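These are the structures in question, set out in turn.
Next come two complexes built around subunit A: one with subunit B, the other with subunit C.
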Partner chain A sequence: MQNELRQTCRRLLEEGTVQVVIGYGDGTDGQTFPTFVTRRDDVERLVWNERCYTNLATYLTRPEILALGKAAICVKACDERALVVLEKESQIDRSQLVVIGLACSTDGVKQPKCEACENRTPRWANVTIGDAAGETAKTTADRYAALQAFMQKTPDERMAYWKTELARCVKCYACRQVCPLCYCRQCIADKNRPVVISTSATLKGSFAWQITRAFHLGGRCIGCDECTRVCPAGIDLRLLNLSLARAAEENFNFRAGVDVEAEPIVGAYSERDREEFIR
Partner chain B sequence: MSETITRGALLQRVSVWIGGGKSVIGPRQVKPANGSGQEVPVQYGRVASAEELLLSGDTRPANSLKEFFFPRHEKLYGYQFKGRQIELTDTEQPSTEQIIVGGRPCDAAALPVLDHLFNWDYRDETFNRRRELTTIVTIACRSFDSHCFCTSVGSSPVDARGSDVLLLAVDAERYEVRFVTEKGRRLLNGATTTANENATEPAAPPKRFEMEQLKEFLAGGYERPEWKTTTLRCLGCGACAYTCPTCHCFDIVDEGNAAGGLRARNWDACQFGLFTLHASGHNPRHNQAERQRQRIHHKFQIYPDKFGETLCTGCGNCTRNCPVGLGVLSVVEAIAAAPRENQSQK
Partner chain C sequence: MSEQQPFEPKIVAYVCNWCTYLGADLAGTNRLEYPANVRIIRLPCTGRIDFNLIIKAFEMGADAVLVSGCHPGDCHYTAGNFHARRRWILFRQLLETMGIDTRRVHFSWISAAEGKKFQQFVTEITETARALGPYQAYREICQAE
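Our next item is the complex of A and B:
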C-alpha cells in the first residue's frame, strides 16, 4: 500500500501534474508528521500507517504551502470532509487539487473518533490507496455517544466539569492552528483594537475563547478531532464540537462535509429556516 | 556514605507541609471532574494529598514548572476611574510557601537560566518573590524518551542545577538524597538517614547534535534554505513555548470597562504571526520559517551571548507537545547536521 502511494506520487510529480505532495513522513519512534514532497526521489519519505493522525487539509489554506505550487494531498475519509467544507466556502479550488484518498484498515488511526467511523474509504478522491475491509455501518447514536453520556449529567455538574477542564487552558491556540476550518487570517480571538475576547488564560478568557471557537465551527466542524488530539492540556474539546454538530443535524438535517451537494447552513438562506430565535 | 530517604518518610513530610498550609506542587495525573474517557496528561500541579504525587522518576509532565514562578496570567495592578482621576491599586505580593516535589532536573535547571532575564534591566518583584518562597526537590530521571536531549545542551538526568535537593531512586522504596543548597537541607532535616548505599546513575539520553556545529550554523547560516525546508509543517501555535520551561515572552494587556479594570501580564509566543505585527500592518517576520529562525537564534545564540546560558535545557516538551512533532529538537538536529559547504549560499 505504501508502495502504491509512493508510485502514485512519483508519477504525479514526474508528469508535472502537481508540484508538491502533502503527505505523511516517518519520524523517530515510528511517529509520523506532515511532510511536503517536491522532488520525485523524495517520495520514499512518504508513509501510510495507523499513526497518520494529522488532518493535512489544514495546510491547504496556508501561504507557505500555497507558494509551493499545485498540490496533491493525502486524506483519510474523516479528513476528506474538510475539503468539502473548504470548497463550499470558496477556500480551495478542487480542480486545482489532486486528492489521494487513504482507506483506513479496520482499526483506523486508533483515535477515539475511529470507534464511530462510518466510512473508512474516502469518497471523492482522485486516486484511492488501499481498501477498508469490514466497514461497519454506524448510527447517529454511535456518533453522539460521548456527548449523550456527558449530557446525562446535571447542568451544574457539566458546569463544574468545564470549569475544571478550561482552568488548564493555556491559550496556546494549538486547537485553532491545527483546525482545517479555522483558516481566518485574523482570528477574532486576536483582535486587539479593541479586544473582543480577553486574551488572558483565565477562566473567563478561556470560556470566552472556547465558546467562540465552538460557535464559529457550528455546522462547519467535520469532527476530525484534531483540536482535541493536540491540546497539550488534554481538554476534551470534542464534546463542544459534538454538541454543535448535533444541533445542526437535529435542527437543519445538516452534517458538515458529508454531502457535496448540500449548501452550508451558515452560508445559505432558505424561506423554510426556523427563525424563532431571532424574533 | 550517603543520605537516603524512604518514600514513606517523604510522603509523610509532604502531608505535614500540606497540613501546614504550604502549597505542594508535583507531577500528577490530571483527572477530569466527570471523566469522559478522554485521555488526560500528567501535569505539574498543586496536590491536595501526598498520594497524588507521581514520584517514580519516570514521569514527563506535559507542562513545565515555570508557571509557578511566572504564571500565564498575572495581574500587575488595578485601576479605577474616579471622575477625572485614576486610582491605582497594587496587587498583593505572593506569600504562600511553595514546595515542589518530584520535578524533573531539566525543569528545575531552567529557573537559574530565567533568573538572568528577570533580574536584568528590571528586577521582577513577583518572580523573585516566588523564587524565594519555593524549595525544589527533583528526582533524577530513570528513563527518557525520544524527545529528551539534555545531554546535547550540556546537562544530564542527574543535573542538580536549580534544585535544592536531588533524589535518585535506589529502589521502589528508597531514594539517595543529594543536598544541593542549605534550603534543601533544612527542608528534609531529620527525615533522612545515613546509609552506605548509593543509587546507580540512571542512563542518559544519547547526544542528538553537537552544540559546536549548531553554533557554527547559526553564525553564518541566516539565509540558509534549511530554515524553510525544516519548518514547513509548523502551524504557528503556542504549544511549544507555553510548555517550555525557559520560554518567557509576555504581553501586557489592559482588561476592563468604563469603570476600571486591571493591567495584566499574559504569556505570549514568538510563533504566533501576531507577535511581531506592527500597527502599520507590516510584519518583519512574515512567515513561519522566519519565526522559527528567531526562536532557535534566541535560544542558542542571542540568550547565550547576552547572559552566558543556553535558553534550553533539552527537556523535550516542545516536541512532545507539538501537534506535528516538530518542536526545537527536530529543527536543531536538522540544521546542526546540514552540510557545511552551502554555508554562505542564499
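Our next item is the complex of A and C:
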C-alpha cells in the first residue's frame, strides 16, 4: 500500500499534475509527521500506517502551503469530511485539488474516534489506495456514547468537571491551529481592540475561549478529534464538539461533511425551526 | 452600610432596535412599571447578538441574560431573527454541556406593540433570578487566578 502511495505521488509530481503532496512521513518517537513533498525523489519519505492519525486538511487553507502550487492531499475517510465542509464554505476549489484517499485497515488509526467509524474508505477521492473496506452501520447512540455518559451528570457536576479540566488549559491554541475548519486568518481570540475573549490562561479566559471555539464549529465540526488529540493538557474537547454535533443531528438532521449534497445549517434557516424555548 | 442589602439580581437584556427596544419604550410611555434590575442594551437585530455577549454578561457579573427581538417574520432585516433562532438552538445545547445554568438565559420575541408583554416578561425573569440567587458559580470562574 505504501509503495502504491509513493508511486502515485511520484507520477503526480512527474506529470506536473500537482506541485506538492501533503502526506505523512516518519517522525520521531514512532510518530508520523505531516510531510510536504515537492520533488519526485522525495516520495520515499511518504508513509502510510496505523500511526497516520493527523488530519492533514488543515494545511489546505494555509497561505504558505497555497503558495507551493496545486496540491495533492492524503486523506482518510474521516479526514475527507473536512474537505466536504471546506468546499461548501468556498475555502477550497475541489477541481484544483487531487485527493488521495487512504483506506484504513480494520483497526483504523487506533484513536477513540475509530470506534464510531462507519466508513473506512474515502468516498470522493480521485485515487484510492488500499482495499475498500465495507461500511459499518452505527447508530446515534454509538456516535454520542461518550457525550451520553457525560450528560448523566448534573449541571453542577458538569461545570465542576470543566472547571477542573479547563484550569489546565495554557491557551496554546493548538486546538485551533490543528483544526481543519478553524481557518479564519484573524481569529476572534486574537482581537484586541476591543478584547472579546480574555487572553489570559485563567478560568475566565479558558471558558470563554472553549465556548467560542466549540460554538464556531457548531454544525461544522466533522469529529476528527484532532483538537482533543493535540491538547497538551489532555482536555477532552471532544465532548463539546459532540454536544453540538448531536444538537445539529437532532434538530436539523444534519451531519457535517457526511453528505456532499447537504447544505450547511449555519448561515441558513428554516421557518419551521423549533422555538418552544423562546417566550 | 452595616445593614445587609437584600439580593437584587442584575439582568442584562440584549434587545433588537426595531421591536423589543420599542416594546420597552412603549412600556415606559404607558407608565408600566417594571423592575429596575434589567439593563437594556440595544443592538441592531437579534441576528447581530453574538453569543459572546451572553458569556460577557456573565463575566461582568450578570445573574441572568435576556435576548429578545422581533417575532418570526417581522424582522426589519427579513431573516435576522431566523438565523438567531437557529444559533440559539445550538448554543443552548453547548451551555447545557458546559453546565452553565440555562435557567438564567432567556429568549423571547417581543414586538414594538407588546409593552405589556415586556413588562410581564421582565418581571417574571427578575423573580426567577431572585429565586435562583447570585450566579456564584460563574463568578467563581471569573475570579479564579
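Here, the second predicted complex is superposed on the first by the 263 of 279 C-alpha atoms of A that agree within 3 Å, B and C clash if a C-alpha of one lies under 4 Å from a C-alpha of the other, contacts with A are read in each partner's own complex, and residues count from 1 in each chain.
Assume a residue touches a chain if its C-beta (ideal position, glycine included) is under 8 Å from a C-beta of that chain, and two chains touch if they have at least 3 such contacts.
Fair warning: this is a prediction, and the values are worked out from it, not measured in the lab.
Visitor: First (subunit B), second (subunit C), both or neither: which does A:P194 touch?
Guide: neither
Visitor: With both complexes superposed on chain A, which partner does A:G16 reach: first (subunit B), second (subunit C), both or neither?
Guide: In the superposed model, A:G16 contacts neither subunit B nor subunit C.
Visitor: Between subunit B and subunit C, whom does A:L239 touch in the aligned arrangement: first, second, both, or neither?
Guide: In the superposed model, A:L239 contacts both subunit B and subunit C.
Visitor: I'd like to know which partner A:G219 touches here: subunit B for first, subunit C for second, both or neither.
Guide: After superposing on A, A:G219 lies in contact with subunit C but is clear of subunit B.
Visitor: Is A:E157 contacted by the first partner subunit B, the second partner subunit C, both or neither?
Guide: both
Visitor: Contacts for A:T202 in the overlay, against subunit B (first) and subunit C (second): which applies, first, second, both or neither?
Guide: It touches subunit B and subunit C both.
Visitor: Using the superposition described at the top, list the residues of subunit A that contact subunit B and also contact subunit C.
Guide: Touching subunit B and subunit C on subunit A: residues 150, 153, 157-158, 160-161, 163, 198, 202, 239.
Visitor: In their complex, what parts of subunit A are in touch with subunit B?
Guide: Listed in rising order, the residues of subunit A that touch subunit B are 27-29, 31-36, 54, 58-59, 63-65, 112, 146, 149-150, 153, 157-158, 160-161, 163-165, 168, 170-174, 176-178, 190, 195, 198-202, 205, 226, 228-230, 232-236, 238-239.
Visitor: Where on subunit C is subunit A touching in the complex?
Guide: 51-52, 55-56, 59, 72-73, 79, 82-83, 85-94, 96-102, 106-109, 121, 137, 140-145
Visitor: Touching residues of subunit A toward subunit C in the complex: what are they?
Guide: Residue list for subunit A touching subunit C: 147, 150-151, 153, 155-163, 167, 188, 196-198, 202-204, 207-208, 211-212, 214-215, 218-219, 239-240, 243-244, 246-248, 251-252, 265-271, 273-275, 277-279.
Visitor: Could you list, by residue number, the parts of subunit B that touch subunit A in their complex?
Guide: 30, 32-34, 36-41, 43, 62-63, 72-73, 145-146, 228, 232-233, 235-239, 241-243, 251, 253, 255, 264, 266-267, 269, 272, 274, 287-289, 321, 323-326, 330
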